[in-house]
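Following are the structures in question.
Shared between the two complexes below is chain A, which pairs with chain B and chain C, respectively.
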Partner chain A sequence: MESTAPTTQRPVLARAGWLQRDGLLLAALAVLALFPFITSLLSGEAVDQGAPKFFQGLLIQMFIFAVYAMSYDLLMGYTGILSFGHALFFGSGAYMMGIALKHLQWPLLGAVGLVIVVAIVQSLIIGVLSLRVHGVYFAMVTLAFAQVAFLLATATDFRQWTGAEDGLQGIPVPALVSPTDNRLRFYYLALVFMVIMYLLARRIVNSPTGRVLVAIRENENRATMIGYNVFVFKMIAVILAGVFAALAGSLNALWNLNATPTVLGLDMTIEALLMTIIGGVGTLIGPMLGSGVLTILGYWLNATFGRNWLLILGVIYVLLVLFLPYGLVGTWRRQSARFGPGGWRELLRRTRS
Partner chain B sequence: MPQSLSRYRPLLISVAVVLAFFATLSATMEARIWVSILLSGLTLAALYFLLASGLSLIFGLMDVLNFAHGSLFMLGAYAGWTFYTNPRVIFNTAPLFLALFAGLGLARWTHLLADRLPRRGLGRWLGLAVVVLVAVALLTLGFQAFPLDRLVAFGTTVAGRQVATAEAQEPLTQGLTRLVLLFLAGGVLSLGVGSRDVRQASAGPTSATTPSTLRAVGLPAVLVGLSIVLLLVRDAGETLMLKGLPSDLRFLLALVVGAATGALVGGLIEVGLIRPLYARPIYQVLLTLGLLFVFDQSVKAVWGPAGAFMEIPAFFNTASDRCPSPDLIAWLSDHCNSIMVLGRPFPSYRLFIIVVGVLLLAGVALLLQRSRLGIIIRAGVQDADMVQALGINVRRVFTLVFALGAGIAGLGGVAAAPFVGVNPGLALGFQLPAFIAVVIGGMGSYAGAALGALIVGLARAFGDYLVLTGVQLPGMSQALKASPTVANASTVLIMALVLLIRPSGLFGKKD
Partner chain C sequence: MSALLSVEDIHTFIGQSHILEGVSLQVDRGSITALLGRNGAGKTTTLKSILGLTPPRAGRVVFDGQTLNGRRTFDIAGLGIGFVPEHRAVFRDLTVEENLRIAERRKGDLARKADFIYGLFPDLKRLNKLKGGQLSGGQQQMLAIARSLVPDNRLLLIDEPSEGLAPVIIEQMMAAIKTLSEQSTVLLVEQNFIVASQLADRYTLIDDGRLVQTGRMADLVQDRATIHRYLGAA
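The block that comes next holds the complex of A and B.
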């Protein structure tokens, strides 16, 4: 009698393993999916008005930044490549989307295709040039490239395409995905976009290729000795991160109906870093969580401190780098590995293998 | 002979390229035009060098790439400009910071208390929270309602800001209260600085010796005394500064103030923020990038997002009917705004920038080659651990070099201010070319930084000229014109070329 209970339970658990593993994620997803209606119930306003509409806007921005931050962590957290020019991809994605819709008058799918192709070409150029140097050199060189892109976007020579300092204003977004026509639809579009990108990223990270990327992060020389062409794998990481960021950027252009030079600026790169470090380097959930924290924190700081909120954000960033280098998820995992019951199991597993 | 030839190959190649470049110039352009562009290029190169040399030295010695170096340049520029246009600010703000540092200097005593604080569990976090809260409260009280906007901004060039006036002065008692509060805040903060964690993370093996009582008490006492004296002589001092000092002397002092600001901030960054992170190099870089952002925002918060022009000191800006001076000899008595160079006027202040650049190039080279400190620095670039093993406190040399590089950057900022003005864009605007210069020259090489800066400066000047006059390519009906922004951006092409051919830079060690 006593021994039957575990035997009947075990197969059920094994079958529902994914439910147990991803239960928290699924619950979060359910909350996000129902969020517009929950806020509507709580505030007593219609889904497409007032507070619910405002919070949807906040979350849409958060979803976009979540994908952007995740793409950054593919580079920094998983492959160990420190890039300070990630805004280049995000901003180019935004500009390409805008140019394709406004000036070329392409359909949406064509525009997305253009964004992806341009991102791949850019990543190839940046990769071929910058991957010749390592570590902080790479950071410096990518920063230089991104700043050049920023300068070119503000240059008056390309005003008819980029709008110079004013940026590309009034992008004609197809009615199907227009955030002004139907914000709720755009909310679900952004949510679905984020979920798809997360699943894709998780598949990549857990694939053999993803394992090689982690191996490069841990010890590049060893990966070379084993026989991997490190350059090719790093290039793959740069391209993947570039395409992910460009897609996030293009959605950002749709959401804001514009693309201004700020999406190419250094602040944008710092934002990616901030989200990744707040959430936890080397995880996929971390940067997404970081984007949530940053969006809410940014909103609150902006409301409380006004003009100087970015200064406070910068100070928070410096303090995080000094005192919480593993971020929320990383610190939580370390703490639970030290104390929690699940952590003990993890520790035993590690010592055995 | 072949060995020495291969050693100097990059130098020989660059000399050959430069010679070929000038041969083309003299064949295609009038001498008076290209000489004046050359001088403009040298001006820029001198400023870039002031940044690139520090970047390269710091990286060479301690493997830290300081992404906040441009910010130090900008801070120097703002400090120098503020002092130059409104010297009284030093009497109002310096005592406050001196008192804060005096409090921090108590760390040698307060660590005895800090060691008694609970080091584990809830108590540790509680203690930390109390320390932080008390420090923040004291700092807030100390700086509360500080009339910063009336003290810092000066002149009509800053839109919407009041001109600094005597009414901005607070009663002496209020100033003294601020001093006491900030001294206490520093003392509380020193609890954190003196805690065992930070000491273990930052102290080199040699600093375990107990300091003498004289040093432990002396430094804070001197600082407190100085701050009180500064506050007391405030009124007399500002009359002297504003009315008694000619603009040239004030400018010289502004250069000193800029360099001191850079060195001080740089030194503090190294000791307080970078030192605890030597075990995690990536985080050092992340930190300096964060500092770039923080300084950018704080400059905007203190001085406003708009920029301002800085007046050129009278020594380079005396109007007379003999201007522009026909030559350098005549200029020495005229001090005109510009000097005729081959029949074209060239601003004399820019020549001063070139002189500053050359003087510092020579000065630091002398320091590196001929002084004991220079020997230690060069040895440290080779192998810092070995130098440490020989009984030299390498950590202190790290701080010194960081402060030196930052000080040079700060000086460069003040030198640049009358030429380009002060604005929050200075930091990145000058850091980008300095980065490119360092990549071209090779990280960690002093000569490389100089050569890289020269190349980038000349490329900027000639690029600007080319895009403005237009490039006539064969098969095109119209000359190709562009804005200077494009010329600015195209300097990155040189970097791309160097990365393709020689990723370690012209003088860099192969990795």
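The block that comes next holds the complex of A and C.
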């Protein structure tokens, strides 16, 4: 009897650990899955009408940005590579999706394949040419690449392909995933996309490769001394981040039915940087939360303060960075590690006193 | 005994500074060789030159018959050279187990060596889930040495293992190095002459980036004038 006890207990313990670890995430996922119906119930409107439809749109944008921010976290948070040109991948993903559907008239899966291939090629070019330099120098090179892409997108020479400054408008999105035909379906598509990308990213960062990326972030020389070819692993990080961002960009094109030069602009990179910093660098879930904060806070401030909303948003950024230097999730984890499960309450108590 | 590592008249520069001006040393298989010298003599630079972190501009480094000049650091490490840097260079954001597992060159390295490693450093097993940054100085040093034992390294370069540690921890460390030297050859950089003299079979003494002398540790222990002149110890 005694010998069977550990084998019967282990799965229960494993389940309990899994629930404890992912319980909050599952609860959040359940809320997001029911969200359209909750808003419908609260507003008294049909799920595909009025306020429920509007808020679905807000969350769809949030899901897309969540994947985009997560991709930046893979690069900056886990590998320690600062990039000022991450919009290149997001924007290129959007444009490639648009060009494949509108001009090449490819099926959706083919378009997704093109998005991935182009992102890998871009990552390889940037990696080979720039990964020899470090820190802010790498960041400046990536900025230059993104600006080149921005200029190409706005150039009149390629107007028939990109729409130049007007952008690529009226992307013919297949009916199955069309946000105009069925927004609720698109909502669930975006939600599933975000969840899959998160699980994939989590699998990557928890894999041996992910541990090496963290080791490189901490000390490149040390990782080399153990026997790792740091260049190859940094290249892997750039490719993964590039593909994640490009897929987010491609979904953004499907959602907006267009791809405009703004998706390639510096502002788009700064968005990723802000979402990652506000949510918590190197936490994966933090940047996703950051995208939520930025999207929802942006909407609320705009609705409440009108045209001054950006000024107030700027002040909030500064306050968040000053008082939560590790971001929302980063600070939470640090306090939990320091004071135990009630760490967050302890932090609030100390802040008040 | 045959030489596992030969460093032949290497000259290493850091920027414009000529740091090593003709250092030579030999590490025999199965031995512990101490690289001795004052602060700033060039001991750590010698280790880094062997590993290709600060590649020598002249001279030759030969490991087990293979010339290391021109090879990249990860490649040199892959040949079976483990480096334990000074200042307890653990990965602070990785757990103890992850710090060990990351050093695997083949899947299952850690599992195969677990008994040996945890036998040398029993504390590490207990602290397995803690992050590297949460360990004490002595525990970090143990982890740094343990990490170098995970793959099948034939040569270990250990830089200042006793630096900043309490005497009781130094004794544990010395016992561990003695035990692990039964499996790997060791090149030890050590400022503490008492520690070095108790561990090493042979020594190489350098000063101002130049080779002073090399020989059996038992002979150096008797040579108080040299010890006093170059190491400042009586």
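One rule holds in what follows: the second predicted complex is superposed on the first by the 307 of 353 C-alpha atoms of A that agree within 3 Å, B and C clash if a C-alpha of one lies under 4 Å from a C-alpha of the other, contacts with A are read in each partner's own complex, and residues count from 1 in each chain.
Keep this in mind: contacts are C-beta pairs under 8 Å (C-beta built on N, C-alpha and C of every residue); 3 or more make two chains touch, one makes a residue touch a chain.
Just so it is clear, the model here is predicted, and its values are computed rather than measured.
Asks: Looking at the overlay, what does A:Leu294 touch: chain B (first), chain C (second), both, or neither?
Replies: In the superposed model, A:Leu294 contacts neither chain B nor chain C.
Asks: After lining up the shared chain so the two structures overlap, which partner does A:Met268 touch, if you call chain B first and chain C second: first, second, both or neither?
Replies: neither
Asks: Would you check which partner chain A:Met96 touches, where first means chain B only, second means chain C only, and both and neither mean what they say?
Replies: So A:Met96 meets neither chain B nor chain C here.
Asks: For the three-chain arrangement built by superposition, which of chain B and chain C touches the greater number of chain A residues?
Replies: B
Asks: Looking at the overlay, what does A:Asn221 touch: chain B (first), chain C (second), both, or neither?
Replies: A:Asn221 contacts chain C only, not chain B.
Asks: Name the contact category of A:Val243: first (chain B only), second (chain C only), both, or neither.
Replies: Neither partner.
Asks: If you lay the two complexes on top of each other, which residues of chain A touch chain B in one and chain C in the other?
Replies: none
Asks: Where on chain A is chain C touching in the complex?
Replies: Its residues touching chain C are 208, 211-212, 214-215, 217-219, 221-222, 224-230, 282.
Asks: Within the complex, which stretch of chain A touches chain B?
Replies: By the definition above, chain A touches chain B via 82, 84, 129-130, 132-137, 139-141, 143-145, 147-148, 151-152, 154-157, 266-267, 270, 273, 277, 307-308, 310-311, 314-315, 317-318, 321-322, 325.
Asks: Provide the residue numbers of chain B that touch chain A in the complex, in ascending order.
Replies: Listed in rising order, the residues are 59, 63, 65, 67, 273, 276-277, 280-283, 285-287, 289-294, 297-298, 300-301, 428, 432, 435-436, 438-439, 443, 482-483, 485-486, 488-489, 492, 495-496, 499-500, 503-504, 511.
Asks: In the complex of these two chains, what residues of chain C are touching chain A?
Replies: Touch list, chain C to chain A: 51, 53, 72-74, 77-78, 83, 85, 89, 91-94, 98, 101-105, 147, 151.
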